[in-house]
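Written below as structure tokens is the structure these notes are about.
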Amino acid sequence: MTGAGFLQIAAQLSLILILIGMAVAFVRIAKGPSLADRVVALDMMTVTIISFCGVYAVIMDEPSLLDVAIVLALVGFLATVALARYAERRFERSERQQQELKDGEMEND
Amino acid sequence: MSRSLAHETAHLTRSPTPTMAEHSDPNAPWKTLSGIGTSAITAALFLFFLQYVPTIAAGEPVRWVIPWIPSLDVNLSFWLDGLSLMFALLITGIGAMVMLYAAKYLAGHPQYDRFALYLFAFMLSMLGVVLADNLIALFVFWELTTFTSYLLIGFSHADPKSRRNALQALLLTATGGLALLAGFILMGVSQGTFEMSQINAAGSLVGQEFYTLILFLVLAGAFTKSAQVPFHFWLPNAMAAPTPVSAYLHSATMVKAGVYLLARTHPALSGSDLWIWILSIFGAVTAVFASFMALRQTDLKQTLAYTTLMALGTLVMFLAGSTGYAITAAMTFLLVHSLYKAGLFLTIGIIDHATGTRDANLLGGLKKAMPITAMAAAVAGLAMAGIPPFLGFIAKEVAYAGALEMHLWLFVVPMALIAFALMFAVAGIVAYKPFYGPQGDLPHEPHEGPWPMLLGPVVLGSCGLLFGLMPGLTAYYLIEPAVNAVMGAPDTGGRVKLWAGFNLPLLLSLITFALGFLIYLKHQALRERLARIEAKSPDLDASWDVFLDWFVRFSKGQTGLIQTGVLRQYMFATFAVFAVTVLITLITRGAGGVNLNLAGLGLMEWGISLLIAAGTVLVLLTSSRITALVGLGTVGIGVALIFIAYSAPDVAITQLLVELLVVVLLALALLKMPYLDKGNVQKHSFPNAVLAIAVGVLTTWVLLLVVDQPFDRRLTEFFEAASWTQAFGRNIVNVILVDFRTLDTFGEIAVVLIAALGAFVLLKGMRAAKEEKK
Amino acid sequence: MESLTALIIGVLTAASVYLMLSRTFMRFLFGLILLSNAVNLTIFASGRMTKGHPALVPYGADAPLQAVGNALPQALVLTAIVIGFGLLAFALALAFETFRRTGTIDTDELRFAEPKEDEPK
Amino acid sequence: MNSIIFTAGARLLVALVFVFSLFMLLRGHHLPGGGFIGGLLGAVAFIIYSLACGPEETRRALRVSPEGIAVIGLGIALLAGLFSFFMGDPFFTGQWYWVGGDSYETAAFSINSVLVFDIGVYLVVLGGILSLTFAFEEET
Amino acid sequence: MIDVLVGLFLLAGAAFVLIAAIGIVRLPDLLTRMHASTKAGTLGALLVLVGLAIHQGTGEVVSKAVATALFLLLTAPIAAHMIGRAHARVMQKLKPKSGA
Amino acid sequence: MNGLLLNLLLAFAWAAMTADFSFMSLATGAVLGFFALWISSPLTGIDDLYFKRFRRSIYLALFFLWELLMSSVKVAWDVIRPVPQNKPALIEVPLTVKGDFEILLLTNLISLTPGTLSVDVSEDRETLLVHAMFGDDADDLIDDIKNGFERLIMGVFEK
Amino acid sequence: MNWVLVFPIAVPFATAVFAYLARNYPAGRWISLAGSVLSLIASAALMVVVLREGVIAAQMSNWDAPFGITLVSDYLSAVMVVITAITGLATAIYALGEIPEETERLGFYALFQMLIAGVTGAFLTGDLFNLYVWFEVMLIASFSLLVIGGGKDRLDAGIKYVALNLVSTLVFLSGIGLLYGVTGTLNMADLRGAVAASDNQGLITVIAMMFMVGFGVKAAVFPLFFWLPASYHTPYFAISAVFAGLLTKVGVYALMRMFTLVFVGDVGFTHEILLWVSLLTMFTGVIGAAAQMDFRKILSFHIISQIGYMTLGLALFTPLALMGGVFYLVHHIIVKANLFFVAGLAKQYAGSTDLNRIGGLYKSAPLLAALFIIPAFSLAGFPPLSGFWAKYLIVKAAIELNMWFVTFVSLLVGLLTIYSMTKIWGYAFWKPHPDGYDPTPDRAPARVTAAMITPIAGLAAMTIIIGFFPEPFVQFAQTAAMQLLDPTDYVTTVLGVQP
């Protein structure tokens, strides 16, 4: 097997691994149970897409895809931050309202 | 007749024209510009038309044309022949006197100026109707008379009855008007010209393709305007208007517009069996019905209203014929009726003004206090009764002669006899009874009317007498030219004579007198009988209210079905329309079947697709907002992956950034927003699901068809070639955005800006406004 | 890939329609987001899809040297995405303010412009 | 309430992302990027700041109200189009001035109206999105 | 030879990404799961970027890859910290005096 | 004069001069700028500290990458082994570094390295709440952090 | 000559920028007014050139059609632009009286000017996607203007308006994508040929129907009009006037453009459907109006009903019918905007728009009464006001085709329109005020009254002028209709112009 051939196979395989990774992460998104769990899984997507871009750029020999990765690396965390802040504030708010927060309230958000 | 009309009558009789009583001041100055000015102009117009009498009598019609909308064959073309001249003279002559009368009658009324304006405008419109040659121009004037009379009938607008009756008159005549419009257009289109004189000259339309339709449409207009049974009920109700209006609109002119129309279109439309039967029957029934109703009334104004109806019926009945006698009868009767009816209306107005009532039972013995009024009434009443030597007598004679000549004489003659006899009786009630015998218990002490109000009745009454005394001149200058115009060909003439010898018509006249006198004597008893019959008979006027009521309820019901106020129902309908439309079109227009080409797709494609689908399902199924948001994020990521994989990094970056911002904004907003299903858990809905799936399937179907087509890459190739060499940019997408299609981008940033300003308005502005209020 | 994309679009559209038929306005907004995505993909797929080579003119060349993605639909989609975002943001602000002022975004209960009294009995 | 870690990170990232947004704006004509992406990134920069330090402080840091920025951006974009009026060209025709050469092939760089337009786009997107975000943030 | 190296980097990176994802699902509680996503995930991405940088070899790509890596290293822990903090605060207040 | 700022300035100047704002160009500019500064340091008065910090930064980076690799392998192994062996715990670590950026750097590094994740910093900046995946021995862990990253960071940020 | 097509769009945008920057000062409103005057001048210039040249086109950014975006104006576009500018100016004046200062400070004038810009852009563009963009500009501006000033009813109205319009926009956008997918082009003149050349005409018809649905929502035809009666009675009167006058007309315009220029391959199907849609639109609209007891709600439903006449003109697809449609379009903008203006002033005087709670305007505000009568009876199709000629053309076209049912419905709806207009007249004007006071003009500040009555009088004068001297307008509509039916000029002008 040539190096190039190996590379193609490895890259394709990598792509599949990454996509499986996404699917697995999605399981956590779907399952939850808490908001934080879902957010962690969504946060995971950032690195997954960056990796996807990297692998795909190799496969296609098209470095411009790296531009997507760089943007995502820089600002992708913001969604996580916003959602985390939401979770925190939501909690504080309901606590301020002195509501009895039952287990699972966060799930039913 | 109607319960509600009876109520109406009582109401009117008790406190005649309430606003009048409130506002008008008999001592107020009446020589205002509006009053004197309008009468003067109208009188001048009368003189203007008067000078054409010899010309027209000599058989030379005059035509004026002012181009209006040449590209639509609509011109302000006027046609002055015997028919239009007679009408024009009546309109301007009676108009001038009525306007003068009104100036005094309504002196001091706060809205008198408007009244004068409306009346004047009405006069001009009516003049337009009778002069216009172009059918569309005629229609324009026709509708203007409808409109101005609406304003006039509703003059006492504070009174709900007045408003109701004005609306009734408007809607009924407008209904006919619209039919008429269709008829005119059809006539114009089928004849190739909109000039009535040309259509008439070209000969009869009978037998042509659209004749029947045209006839029905024109008759609909004529019958509603001229209040033929069963469209009659608006006319007595229209008596809510001030008396000068009634005198003018509802006796002399507007209601005759329908008759005029039948006369004008006579050459083109008459002669068919349909024409003869319809006009005879409608006219006769109207005439007889109206005569009885006239007798039934106690309010003199109502009585007159019904006699007007009777006259209209009679005229229509005679226009059914095509013989010289029938037409001469119609024209003579038309002339005499206009004169005496206007006179009588004005007289009633004077009585009303002076005594405060119009109740036939109360009135009596006014001759002493109001001698001139009594004189004028007498002259008019005699004309109405058809006593020689008044023109009314001649009219009646000719009418009988005409009736005997008509196809349906067996039907027409008895009907005419009944009508004329009743008319005789009514003339006694209106013109004789109030002035003679014992004086009743009146609201005010009677006094003679002022001269501006007396002028009209006196002059009009005198005309009735004068014309009767000079039948030859009247016939030569007025009646025969009109008859010629209606016949569409020169008539032999010579039928209008005071003395035509001992003949059948004279015999019929004598029978009429006898019968009429008998009825007059028994009229009280008869009136009570009629009232009992009326109470049992169907009430068209009340049906009108029922109908309007039903219509409003129907509207509300219908609208409530559609405009439910519930967004999801609107949304359902919108999507359903989309689905049904697309589906039907797909199937019936042969767009083709689905060709699903999934070859050559790797795991990547399927993986991304599944990710999107999974995210979608999550959004769909979850009852948690944040889970839905995360699901949306997943979908967004999946879509971005497609963009990455299929060569669109710019789009992918934008998609990801926008997705990010959506999450940020929603995370901010959701803090203060309700849970998805709090309190009102919505069950999953089967119809919604079916519709949703249908829309989804159809979208896919259409897109599959589209991508199955060959693709024209012209634009793309140009952009690829020109991007660097002509637009000096290497990122073709960006070059398209900022150079090839700048305007799109400009509009787009405007959207972003406006959205931001709009959100600012919503979130900050309302808060600020609220705080300011506190 | 166009065929598969068409299927994805069908799924997205169906889901969004279902969401938009809901009485909770937030669900409507979620549906709107999905539908925007579906429409963007429609435009993208309509321009036909090319794998892996962005529409860039390489340095030193006057035009792309290989088959690159169709740039025009990309520009259109880009425009549509940004416009869609603006509209969504406005709609969200509207929902937000509506809830704050009226206490509900259940569209069955939002009857201020077309009150129930108007309905025929 | 505020996290020291996030605040510190935000300080660093604001500058970084903002500079990066300008970078994306300027290179957009040749590589992925441009006014939209730049503007979105610029907005994200200040959103990071605003999530960390609050919208008031961010407004202070911006000095000009975001709505003002957006409106001015639209004005700039419009001017970029109207400029060609004075050159006798149709609306929005790109006006190019080459520096260090006499054509696009030889010039070192250019001054052009297309970039001005893209700057307008950048400002509108930046200002518009910040305005939206602040409005939401300040109301919650 | 370089291709093989690149391939190995890619595979390693992808493997780490996959493992991180599995970790998110398998590990028992939130904070523990975050170890997986933050560390293994980030490393996976870095390895892929290294692979890409080697594969392309141009300065531009290398510098971009480095920048991407740096940005990721800067932002990923911040994001993790924010979730962890939110979670910890909620849990702390829910069940006072307990660990995780 | 801040050396870093000047260096960045030089990098941009380079990019501007070459009319090329690509990363390559900027990186070249940065490297060239660094050398320029280094060479000209006697003239510009940029102290040794900048260069010293630079060396320490390089060391910190290498150390960190190694730790990242190790930690990831450890976590990965725990993820894929049939029965995860982790014993998670929240540990409070006293903080010596006080500056914003020092704290940021420390917490980020902690998060990215074996078994530890920065969760929160107390308002008074005295303690750092760390989640440990293998929290058998809290003191060991605290020692590792204080002697490892924290010391290195303090070196980089030395004034 | 190129630029006469640009300025009607650019001027309102520039005005918006300046008006926004000056929104906190009185200058803001004068800038808006001055900008509206300039817009009118710019549109008039466009009209002059179009009258001279027939069809004119300009290639934006100097790229040939179909590559760049074309602005193009035939008679129809030109008159729509002029009428937009007129309505804009009228509204700008009216707003001086109606709009409170707090609202001005929120950027009212900027939003308003951008709305006008969006509408104008939609009329002038020759590019399908660009049309979408202008639709969006218009739409988002209208969203903002609808809710500006607050109130629960405006928010509720906003929700429905936004929701339904967003859906229609997406349908439209999706249609654009699909059409591009079949033809590969976006230029409307180019599309004519490309669509005709397509192998799958059935598919083209399917896409055409998607456009019809999308535009149908915008135009508020049956059964897609829900958003209109749900919202048009809630905003400021100045705003509802502009909405009523212009916004739905953009939908009608788009239908007219697309279904005369591009989708003419299956007229027997598409236009037949449009015919029935039109009749139902006319009828349900007028029935809806009959059910209302609120000044503005009645007017809102009548918009729907009249839209039906316009689309009917398109559906009948004869020169005369299209001519009627064009004439109707122009007439209705003037009249309907004016009626909403009148409603606003009536509310100022009498305190409400609920017909049961107002009255007495005829007695104490005769000028307003006269100024109501003119547009109201014009709307009802009373001759010789403008509405009569509009209706006349449509009815005549139907009669020429021997379509009796169409004729019947057209006339019936006219009758029912009279009913509604007289209802307003009877309740608001003739009936005494239920609270027993005289709603006189001095119940509002003099400045307010002056600002509000000026545009009303101006538009009423236009109604009368069109009614009494219709010949030039009829001829214009005739040429416009001919251009629509035979777009050869349009196509060659767009595709043949060298930049």
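Chains here go by letter, A, B, C, D, E, F and G, matching the order in which they are written, and residues are numbered from 1 within each.
FYI, a contact is a pair of C-beta atoms (placed from the backbone, for glycine too) under 8 Å apart; a residue touches a chain by one contact, two chains touch by 3 or more.
What you see is a predicted model, and the numbers here were worked out from it, not measured in a lab.
Engineer: Check every other chain and keep only those touching both subunit E and subunit G; list them.
Structural biologist: Touching subunit E and subunit G alike, sorted by label: D.
Engineer: By mean C-alpha position, what chain is farthest away from subunit F?
Structural biologist: Centroid comparison gives B as the farthest chain from subunit F.
Engineer: With respect to inter-chain C-beta contacts, which pair, C-G or D-G, contains the greater number?
Structural biologist: Per the contact counts, C-G leads.
Engineer: Whose Cα centre is nearest the centre of all Cα atoms in view?
Structural biologist: Here the chain at the core of the arrangement is G.
Engineer: Distance-wise, how many Å sit between the C-alpha centres of subunit B and subunit G, to the nearest whole number?
Structural biologist: Each chain reduced to its C-alpha mean, subunit B and subunit G end up 26 Å apart.
Engineer: Could you grab the centroid distance between subunit F and subunit G? Build each centroid from C-alpha atoms only and quote it in angstrom.
Structural biologist: Averaging C-alpha atoms per chain gives centres 63 Å apart.
Engineer: Taking each chain's centre as the mean of its CA atoms, how far is subunit C from subunit F in angstrom?
Structural biologist: 41
Engineer: Could you pull out the residues of subunit B that touch at least 2 other chains?
Structural biologist: As it turns out, subunit B has residues touching two or more other chains at 556, 560, 563, 565, 567, 571, 575, 625, 645, 649-650, 653-654, 657-658, 660-661, 664-665, 668-669, 671-672, 699, 703, 706-707, 711, 713, 715-716, 719, 724-725, 729-731, 733, 737, 739-745, 748, 750-760, 762-763, 766.
Engineer: Which residue numbers or ranges of subunit G touch two or more of the other chains?
Structural biologist: 13, 20, 60-61, 71, 107, 110, 129, 133, 136, 140, 143-144, 147, 150, 159-160, 163, 167, 174, 178, 181, 186, 229-230
Engineer: Would you please write down the residue numbers of subunit F that are in contact with two or more other chains?
Structural biologist: Where subunit F meets two or more other chains at a single residue, that happens at 22, 104, 107-108, 118, 120.
Engineer: If I apply the definition of touch given earlier, which pairs of chains qualify?
Structural biologist: All chain pairs meeting the touch criterion are A-B, A-C, A-D, A-E, B-C, B-D, B-G, C-D, C-G, D-E, D-F, D-G, E-F.
Engineer: Along subunit D, where are the residues that touch subunit F in the complex?
Structural biologist: These residues of subunit D touch subunit F: 3-5, 7-9, 11-12, 23, 26-27, 100, 108-109.
Engineer: Across the complex, what residues on subunit B touch subunit C?
Structural biologist: Going through subunit B, the ones touching subunit C are 553, 556-557, 560, 563-568, 571-572, 575, 595-598, 601, 605-606, 609, 612-613, 616-617, 619-620, 625, 628, 632, 635-636, 639, 642-643, 645-651, 654-655, 658, 661-662, 665-666, 669, 672-674, 676-677, 680, 682, 685, 688-689, 691-693, 695-697, 699-700, 703-704, 706-707, 711, 713, 715-716, 719-721, 723-725, 729-733, 736-737, 740-741, 744-745, 748, 751-752, 754-756, 758-759, 762-763, 766.
Engineer: If we count contacts the way the header does, which residues on subunit D are in touch with subunit E in the complex?
Structural biologist: That would be residues 3, 5-6, 9, 12-13, 16 of subunit D.
Engineer: Considering the complex alone, what residue numbers of subunit A touch subunit D?
Structural biologist: Those in contact with subunit D are residues 64, 67-68, 71, 74-75, 78, 81-82, 85, 89.
Engineer: Under the definition above, what is the set of subunit A residues touching subunit B in their complex?
Structural biologist: 12, 15-16, 19-20, 22-23, 26, 29-30, 32, 35, 38-39, 41-42, 45, 49, 52-53, 56, 64-65, 67-68, 71-72, 75-76, 78-79, 82-83, 85-86, 89-90, 93, 107-109
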